[in-house]
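Here is the structure we will look at, set down as structure tokens.
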């Protein structure tokens, strides 16, 4: 966690903090030599800056993380940073949460609730599998950090966990109506259905699709992750592995939506419905929240929902 | 309710009951004159019959409901009815439940549970509307009798009520997760979404689509029924009527699935998902139940689900 | 009807008329205080204006109808209104024809021709139905005012009547070839097929889709209007009502074009073809008229016709 | 024209006529040697036959046209031909009208009406073109004989001319509404739009698609015929040729319906609509006529119209 | 390999061989007791049989592999086996090649040619990978035995290897034109693209899809196999693994054809084209070979190619 | 060929050359009268110009070819032409290669290679046909000049020949694998499949689709060209003509891709695949070449390939 955020900077403050360099223009000084007009950003906003010495910016590119020293000054009514020094920071040392949009609630609460679902799985085989995932610290770190999408829905740090929890709650609620469903199978697949997204996306400097994501997609990545975990669980039943792989594979529901196989048994069908419902509801909720308090009755055309959303009053 | 069902007839029993005439062949007697080989059916099965006097069958067609007197006799190892008299019965006086497949449980329990949902609607406007439907005895009679489909799912007497109840339970369960939904709106639309089916189908002698069903479909019929009821409720809010009509109209979800409008707000979207899920789950359940106890791993190709269903063991 | 139209204003003229306020910018006076740069519009055009007193504009929004007093002056080569007073006018008192694009011909002639088709209907039942519509002054007022579309074709006041008349002429001409068609049924459905558009659109300040239009569409609205009229006609035949409802419902021809049912008998099929042909021909005509006199051989890509139109000479 | 038709044969009649051999089975005589059980057909029906000498059938195949001599006898209540001689007839010498279903009206009247449309074409260029087609006796013979389809509509000898005339009447009627259309262009294209069908089908022994029809289709064949005729008309305008070729090419309306180009100007659009309407109306008419006098309310599923047709009474 | 095949049996021969029991009917002996009418099959044909002692058939089902002793006799002009003893054989001990259709050529030559392509791969990483597959005897056994499809093309034992070799030859030939392609990558992916089929199908008693095939499909199975092999190759480059997985994943070319990702670089695109071309050409070749020597000009409708194939002479 | 190209002009050079007038703005001189700011272009680039006498530009339009005299001067750091005279040049006298993008290699080598394929055709009939095309100087001139597309691939002068040669090489290579193909048929159809493009495009001033191209497309134009050539070859076999026409017609592969018929025999299928592969590979190659040397891993979205292309390193 950073100690200085852009939105909280005040005139006169001394700066010693990491930002993203978001603009860099080298200009001629009137008296010869060069200076640089720059801008910095973090997840709270942007601020302009000026560096009278342009040499310290020579090997730094827009998009780099930089450690900045300097002071905050006011210039024609706006704050800017008068830069003393700038140096590149290794992206590996960065906490993405400082720079990218993230879940507005407490992600630890979300993870705790997901663990609660893990604890509900009674049968030892699916339980061993879940434990092998959630006993893997690297996995848990990425799972609690990853977004669920680049643009459409849950496109923020923590979005994968938030979406997964919502799917689990919906599965739980639907099982109360369709009581013949295999609860352990459904909960296990619900937890794992999108795990491939931890590698499908990059979420350091920005949220984007990774090479692996573009070439394979989270469905295939998730299946490879599942196979890898199962390999270490001696005596894991073949048919359970097959059903879980099928549920991950078929959770987009139709071949033209990217699932090479349609859901072939009730649990797989329910998982597909719930995943689809949660993502569409999340899009609708975003539209409604964005317009709360306005007088508009209809949203703009939503390119993924392919319709305009009614914003009118409840009745 | 009839007092004599075909599956329960025994040798020597005197017959005074209504059946469907399911076969009629006039034959020459060896000594001149004619006799008739016939068969009768009700929802429990078929039985052959013989009528030595063929005159009483002259104006009766296969498919008619007939009141039969006679006796049950055995002939070459099988039971048959030796007919004394046959006379046509007005189809209007028939209880379809005696002749068509029906819900295997207690339909009164189903209706009671639906009434329970009506009682949950707090807001006076949607409640008045539901009361006007459920205070209409003709409506209630048809609603508790109608099937939900001709072939695909819930294709039996009572199927509409069974499907509606399942939809309501799913809506209720999903509202526990998406707590921002308008419960009164959702429950009211859930109860009414398929009411048009009471006129879309014929369910006297057989279950078939009516002329009105073929020409308009249950979505448009349902909307006309809603408009008619609202007309008698003074001061009913226009926007509530509009939202309910839209929810009935859009519950098939996509234009190519027969909804002229897509769901335009969250409650409409949820209703569509739940209706779709319940019908597909019912189809899967039927396939699984039909194969229970067999050794097959895969069903035949299902023309509506467009796939073969996995029948294997739970894990 | 207004007495002063913007396109006819001349320098020095005194203004006492209603316009739409189409621009409003409050500016500082050099000597303190404020003045307002404004603009007004009606269906004939736009004119700038200046109001040295900005107070009378405080509670007026862009888009409001306003009654303006003042004078027309010239300022750097262009006319503008020097405003004395501005006051909001109740939109209910406005004649939309003063402010929106309208049919270039005489709409009364169009209505008269439609009445001529009504008079051709011989059979008393469809005739009673048409009379109940055309004896309803509110309906006639809206029917002769409504557009037939927001953007694509006949998107002007009176467009609905113009399109309806063209459809009737086409039906009449086709019946001369297919002489087995039921003329009364076809003419009646032709007159009524788009009546739902009087509520599908708003056409006061601008032409836009109404809430009811977005949620239900003109097909469902039209069927509700038909059911309402029929309810007051004692002894109206059920099957005629059913056929007319079906013809309204199916006139878009295919499920994916928004008709929940396809046309199921010849008259319904012909109505669909004629409606489709008239709207496409109107689009082509508009393209050709727009380019008349230019040297272009091909139009731009037309997003609804999904092609470029050939503009070359006749041969 | 034949002088003896199967439906008119009577016991004892001497036979000297051409039929199609429709069955041939060689059997052992009880006393050694062979005889043949045969059957013959023409467009009026079928009749069995027997040939005690099987040698004269050795080189004759089922499907061949054969000249038969013999007598009509009755055998166990049915007529049959006792054959004296059978010899193959060259298919080139056959009049297909004797053996295939044909237009029930007078095809000469149809052709006369089409000539009437040719005479309406005022402009010398399109008129010269039509005259070059209709002055070509081979073309006229085939045009008046060809079917318009193998199965779907107008699938009988003369069907092409009947369909063409109906298209022309519809074009004429629509021009009375859309008076800006180029009448000469439209009539000329209307007459020529399906001429390629004279080579797309075979219609000697049966109605089937020819090799050329399967490989090229009537649209491309028709365009080649048009180009060939135009080549002999000196000074024929390039743009008229281009428009006519485009109208033939685009008359199926959409790429997925087999037209490589969509209609690009109003006359091409109208031709497509009229061609489509006439073929669909013909299908509906056939369904209605087939069920005239029955009590059915609905037809079977029609595979080309993709719906069941309503057969109910007019209202 | 068996030593006795059904097509080579002769009268009087003593039988000691394994067959499939393809028919079993128990009949009453006239003198009390039972006998059995049976039939046996292998890949060369069928033969009837009779077992006067029916007891030895009690626990044997149609479809079982059975070891039969007895003699070949003639009965009313046909050969049959007079059975002495029948006993079930464990399906695991069966060589499927004795009982299922297989490649008509020498599968060892095909495998040798594929090894020739392996040898062409120069770069050590892809070469190590291929060696790890082809050094695995179980893999090689299954790869040389598996079919490439259940019904459509190469639906015989050895079909996978035959198709793979054809794909490799096409890739090789196309690389001679597009010389910028990465040969090692293309050959490696060409060899591995369908390896998942060794588990997608069952090919013991009959050729059918396995549970794993139905639930995952050969694309996902193949990717799991690849990942497993790569895991044992230390230092295998990540990007090569990614490209090969992508090429397996995308070789069906479009999402709606079952590839979750489209080909994203030239080698992946070429592999898709070649796989598609080879399977379609194989279907066409089968149609042409089946009709060789007949007089037909056109095949029946082919359900996978969705057309009728022209069978005419070469020119 | 021009002697002066814009990219080679130098300060002080005297100009006597033809260019395209690409900009023309008339301005007021301070002392009265007018001057013109202009720009000129050829295939090597653009240059600004000034003409103090605007009269000589009165009847000249942007887009015209103009012969310019004047001098090259420098003005604020950039070269411009100070114009003495400008006069329109007849477009017929222009060599399009001077003004449009063209093949970067030697088009004569490409044509020579295509002639090499012609020489491989052994059978006299297809050979006569090819000779009649390539013995026609006008055809050869247009064929070696035409582009293969307006935008997508091979969209430069010579593109048709380059694409045709690539198709021929692919056909040749594939025949080495599928040795049952008719080589003469395939090579002949390969050479002729796109000849209609010489009239589908205009390629004088710019590359655009011609009227004939828009209305008919190259498939139909090519078939008309083929029919015209065949007409002059006495005794040309009907079935060869039919197969070649079919191969031209079906080379887009599917009805929805603009081929009214699907490929119906192996040679037609192979031609379609090869044409499709070559155009897609050309698009991929263009993307890769455009990004050579950049650090990007992924291209922008490609609207025709409908994907982003991977630009990463070879492995």
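The first chain written gets the first letter, and so on, giving A, B, C, D, E and F; residue counts start at 1 in each chain.
Just so it is clear, a residue touches a chain if its C-beta (ideal position, glycine included) is under 8 Å from a C-beta of that chain, and two chains touch if they have at least 3 such contacts.
Everything numeric in this text was worked out from a predicted model, so none of it was measured.
Chains that touch both chain A and chain B: C, E. Chains that touch both chain B and chain D: C, E.
Of the two interfaces, B-E and A-E, the higher number of touching C-beta pairs belongs to A-E. Each chain gets a centre from the mean of its Cα atoms; the one farthest from the centre of chain C is E.
At the interface between chain E and chain F, two copies of one sequence, more than half of the residue numbers in use appear on both sides, so the contact is built from largely the same positions.
By residue number, more than half of the contact pairs of A-B reappear in one of the listed pairs D-E, E-F or B-D, namely E-F.
Centre-to-centre separation of chain A and chain D, using mean CA positions: 66 Å. Centre-to-centre spacing of chain C and chain F amounts to 48 Å, using the average Cα coordinate of each chain. Chain B and chain C have centres, each the mean of its CA atoms, that are 45 Å apart.
Of all residues in chain C, those that touch two or more other chains are 211, 214-215, 239, 243, 264, 308, 310, 312. Here the touching chains pair up as A-B, A-C, A-E, A-F, B-C, B-D, B-E, C-D, C-F, D-E, D-F, E-F. On chain E, the positions that touch chain B within their shared complex are 211, 214-215.
Of all residues in chain C, only 125, 166, 169-170, 173-174, 176-178, 180, 182, 185, 237, 239-240, 243, 262, 264-266, 269-270, 273, 276-277, 280-281, 284-285, 288, 306-310, 312-315 touch chain D in the complex they form.
Chain contact summary for the complex, chain C toward chain B: residues 211-212, 214-217, 219-220, 223-224, 227-228, 239, 242-243, 245-246, 249, 255-261, 264.
Chain contact summary for the complex, chain E toward chain D: residues 297-298, 308, 310, 312.
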